[in-house]
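Here subunit A shows up in two complexes: once beside subunit B, once beside subunit C.
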Partner chain A sequence: MSVLIDIILAILAVYLALQSLLAPRLTQSVFLFFAFGLALALAWIRLGAVDVAITEAAIAAGFLGVLFLDALRDFSPRGSEKKENLEAVQNALPKNNTKSLLLPGMALMLGLGLFLLIALEAVWKIPDGGGLTAAAEALLPESGVEHPVTAVLLNFRAYDTWLEIGVILLGLLAVFAVGGIKIYRKPVMATQDPLLRQVILFFTPVLFLFGAFLLYIGKTGPGGAFQAAVLWGAIGILLHLGGRPVFSMIPRWLGQLLLTIGLGFFLILGFLFIAGGATLFEYPPAHAGVLILIVETMAAISIAAALTAIFANLNQMNEGPNEIESTN
Partner chain B sequence: METYQIYTLTSAVLFVIGIGGIFASKHFIKKIIATMIMGGGVFLTFVSLAERDALAFADPVPHALVITGIVVAVASAAFALALARRIYQLTGEESFTDDK
Partner chain C sequence: MTDLPTSPFPALLVGLPILLATLSLFFSARVKALVGLTGCLLTAGLALIAFFEVTQRGTVIHILGGWEPPLGILLRMDSLAAVFIAMTAVVGFFISLYAWRYFRAQAATTGGFPLFWPLWLFLWAGLNGLFLSNDLFNLFVTIEVIGICAVALAVLSGKTGALFAGLRYLLAAIAGSMAYLFGVALLYGSTGTLDLGLLGQVLEPGTTTTFSLLVITLGLMIKMAGFPFHFWLPPAHSSALAPVSALLSALVVKGAFYILLRLWMEVFGVSITYAAGQLIGLAGAVAVIWGSWQAFMQTSLKLIVAHSSVAQLGYLLMIFPLLILAPGVTADSAEWLSPTWTAGVYQVIAHAFAKASFFLSAGLIIMALGHDRIESLRDLVGNMRITAMAISIAGVSLIGLPPSGGFMAKWMLLKGIFMSGQWWWAPVVLAGSLLTAGYVFMLLRLAFAPAREIGTFRPVPKSLEVLALLLALGSFLIVLPADYLIQFLESSEVFGSGIESILKGGAYGND
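After this line comes the complex of A and B, so read on.
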């Protein structure tokens, strides 16, 4: 019975992935990708990885879906107009390119088929090394938390997590570099829509509390900094959509502090450990639990701020030229 | 057939679908979606092997790696999206075309 569920879920994930790439319209693609992310989240629950499932559903399906939908708004309306022009041009041209497209298509299919066989054989024959479960289990009492995934993320492999916060910040800087920093100049204009106002009033405290709960529960069960950060980031996105862009309302230095506090605090803590004679990110076992909770809170604040800023910047990206066009 | 075996096979299929999508699809957004599907395949391999190595709980190291990986993948997808929108803004192109 359980095997049947797994097979159905696997087929569903493959079907949704194929459909999201084959769908003729971009909107369909994006929504099928949403569904694919959620199907994958279910698969992860089946595999006992609840932390991964929450992260997938929240960041990969939720946050990325929002970014895609936001991008669609700019790509679709003018795009369709353009496509008609393009089709007209293509119809005017003599159609001699069907034959030349056939050969690469065949080669691609053949190559993919071969690659699929190789990949299937490779994953089937991955050697059984026993994994690191036993090592993690043995060291769990010293980590200061009871949940093994949190112990690995913030204690055993804290270095990875620290670098990851840096990667998110780097992603934000890259988005800034591409789009230009317009984020702080947007005039603050609250929404007139009463429904959206009520939604913001209702969801802001709920999301905040739920995020804090996930952050705290990470000590004993599935949850933690990343999951909490997405919920807090959702508050920022909601406020932004409601006409209250957080980063133009707070002073600039405060925004920068929020963005860097996770990375900075983690690093300062690491240096303090080194100064105390330990290695980088080697928590003293007696205080590990408290320190991990503080680090997680700082990291969650930073990641939430970075996600909000990424969304805000992408959201305003295509408003710039539109405004210029309208004033011209 | 064990649960993890089903999902390792699925992960290989997803990876290949993603690669095919990168080559075959034209639009920037579809290419980004294809890379995310490819990444999903890789993560699925990790997590299903974590389930294989489970004792009292599933192997937490691949789980932590995958959580980190998802967040990094999303950050890079956001950057790719920013690049795609910038290209569209400046040139009006929504895919890589060489026939002009």
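After this line comes the complex of A and C, so read on.
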């Protein structure tokens, strides 16, 4: 029975991925991509990686979904100017010339098929029972937390996690780099839509509490900073859409502090350990549990802030240069 | 591995630039540049101190979190890593000074690009982390950091051409990362360790190992713009701002090469066959000819320099076939290994200095002319004497004329080629040098030619010209400590080693 479920999931994931690529309209592609993300999340659950499943669902189907939908708006024929953009994009695409593409296309497919077969053989031949699960389990009591995934992420391989927090901040800096330096535009008018107001009023505390729960539960079970951060990021995005852009409403320094505290606090803590004669990220065993929880909270705040800021900035870029100039 | 002396320097080399980058985010544009420049000076100083620490104490390590491999991550600074870090520091120091003055000169019209500073410091931390890393997955994280910073820097000018090139660069970088990560997952699945040292001991030949070698090599080849995956490099490097072009060409592509070298020598020995070495050497040889020829055909200066990078990176790939020993040859009897390694390291360093100088000079010419079409270079010598000198000196090093660092690299490469008996690479080295001489002398001919019209050159800051010249001179000065440097490098375990392919046998070809 379980094999059947696995087979169906595997086929479904590949099918949805292909459909998403081949869909004739962008809107369809985007929604198929959500479905693909959810199928992957299910696959992760089947593999016993619940942490990854939550992250996959939250990032791939949630955050990426929001970004995609926002990007779709840019391609929708709203204003005449946008329409011209769309036409220009479509004209720039190569015309359907099936004949001349047939041969190289077939060669490419053949090559890819061969590659896939060898890849399958390579995966097939992996021996069972590898991995560091046993080693991680054995040292779990010394790590300060009870969940092996959290122990690996925040203690055994804290260095990687710290760099990854940096990568998310870099993502935001890259968005700034692409869009120029105009940051945190003044908000549009607060929403008058009563339904949206109610939704925001209801969801903000719920999302906050659920995020905090995921953060705390990471100590003993699946959950943790990244999962919590996506939920908290969702609060920021909701508020932004409701006409209350967080980063325009708080002082500049506070926004910058929120964005950098995760990376900075973790690093300064690590430097303090070095100053105390230990190595970078070597927690004193007695306080490891508390320190990890603080580090995770800071990281979650920063990641949530970065996700919100990435969305807010992309959202502004879509408004077109004129509006941005006039409001600044 | 874990009984080596411990030092905090490896952790500081990654931590300090990131701390300073984070700090610089808090300041306004003008102050950000100052904080960034100070950060660059501090990072460069720290790197040189760490270099001297390694010369005194030998290889030092830093066990992150106190957890030893295979569970934890270990940073290792051996002499090879120390040389790469010191090179990054010296070249990065000059580029930072240049960038500060260059952006300040244009601040009125462009806003001074304050984002350059945090991105460059993050990039620097990523490069240091890459050179120090001893862990397959951590290497992936560092190439992610480097990749995002590099793309963000490449599009910083905001021009349409740069954005298009940047998107291509991003897609290529992601494809490379994914291929690399796939290989890492296969290796972790089959061995249960990510530590390079342990992997080298436990890895067994088989389809899984061979396939991961294939995808990891593929991914890194894309990242280092090895032929035929060089398509993203010329547009991305030529459309970026001058200091960024210099960083990307001089330093960033070397990161992927460094990992490739380390992994082939230390991890994948069991799966590498003689043919694999010949194949990657062939890719390098084609890159040398193709890149040089393309450079020769270009009409704008920055595109010439960018295509020249493709060729110069080709020389780096050409050392691989020499490091893989033919059946029946042992590493002890292979006397060509030491010259080949020297060629590789000197090619990396000489190219970093010369190419950085070339791109910085190109930036000055654009500043003076408003464009970089080469027909306008007439009478460059009369108008921008120092820049003309920088271009000619850097060009001489790229060609490989004595007594430059480029000469040292190409001479040692030829020595390795003839000693190993793989004579078929020799014509490529010579043809590459000739073609390089072709485009360098074409530029110099124009630079010395009399001007057709007068007063087309606007004045540029002298200090910038001097910085570019100093980098060009650096590509000559690096030859002076050659004896000492090679002696120092020989203390590294990997330097001077070769792969005895047939004795271990791979899954395909020779089992």
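The working rule: the second predicted complex is superposed on the first by the 289 of 328 C-alpha atoms of A that agree within 3 Å, B and C clash if a C-alpha of one lies under 4 Å from a C-alpha of the other, contacts with A are read in each partner's own complex, and residues count from 1 in each chain.
Methods note: a contact is a pair of C-beta atoms (placed from the backbone, for glycine too) under 8 Å apart; a residue touches a chain by one contact, two chains touch by 3 or more.
Computed from a predicted model, the values in this text were never measured in an experiment.
Aligning the two structures on subunit A places subunit B and subunit C next to each other without any clash.
For subunit A, the partner touching the most residues, choosing from subunit B and subunit C, is B. Once the two complexes are overlaid on the shared chain, A:178 sits against subunit B and subunit C alike. Looking at the shared chain after the overlay, A:294 reaches neither subunit B nor subunit C. By the touch criterion defined above, A:166 reaches subunit C but does not reach subunit B. With both structures placed on the common chain, the touch criterion links A:131 to subunit B and to subunit C. Once chain A of one complex is fitted onto chain A of the other, the partner contacts of A:278 are limited to subunit C, with no touch recorded for subunit B.
In the superposition on chain A, contact is made by A:123 with both subunit B and subunit C. Contacts of A:157 after superposition on the shared chain: both subunit B and subunit C are touched. In the superposition on chain A, A:260 contacts subunit C only, with no contact to subunit B. Of the two partner chains placed by superposition, only subunit C is touched by A:139; subunit B is not.
Minimum Cα separation between subunit B and subunit C in the superposed model: 5 Å. Across the superposed pair, subunit B and subunit C both touch subunit A at residues 119, 122-123, 126, 130-132, 136, 156-157, 160, 164, 167, 170-171, 174, 178. On subunit A, the positions that touch subunit C within their shared complex are 118-119, 121-123, 125-127, 130-132, 135-136, 139, 155-160, 163-164, 166-167, 169-171, 173-174, 176-178, 180-181, 253, 256-257, 259-260, 263-264, 267-268, 270-271, 274, 278-283. By the touch criterion stated above, subunit B contacts subunit A in their complex at residues 1, 3-21, 23-25, 27, 29-30, 33-34, 36-37, 40, 43-45, 47-68, 70-79, 81-86, 88-89, 92, 94.
Every residue of subunit A that touches subunit B in the complex is listed here, in rising order: 2-3, 6-7, 10, 13-14, 17-18, 20-21, 26, 29-30, 33, 36-37, 40, 43-44, 46-49, 51-52, 55-56, 59-60, 63-64, 67-68, 71-72, 74-75, 78-79, 82, 108, 112, 115-116, 119-120, 122-124, 126, 128-134, 136-137, 148-149, 151-153, 156-157, 160-161, 164, 167-168, 170-172, 174-175, 178-179, 226, 303, 310, 313-314, 317-318, 321. Residue ranges of subunit C in contact with subunit A, taken from their complex: 6, 8, 11-12, 15, 18-19, 22, 25-26, 29, 62-67, 70-73, 111, 114-115, 118-119, 122, 129, 137-138, 141-142, 144-145, 148-149, 151-153, 155-156, 158, 163, 166, 182, 186, 188-193, 206-208, 210-212, 215.
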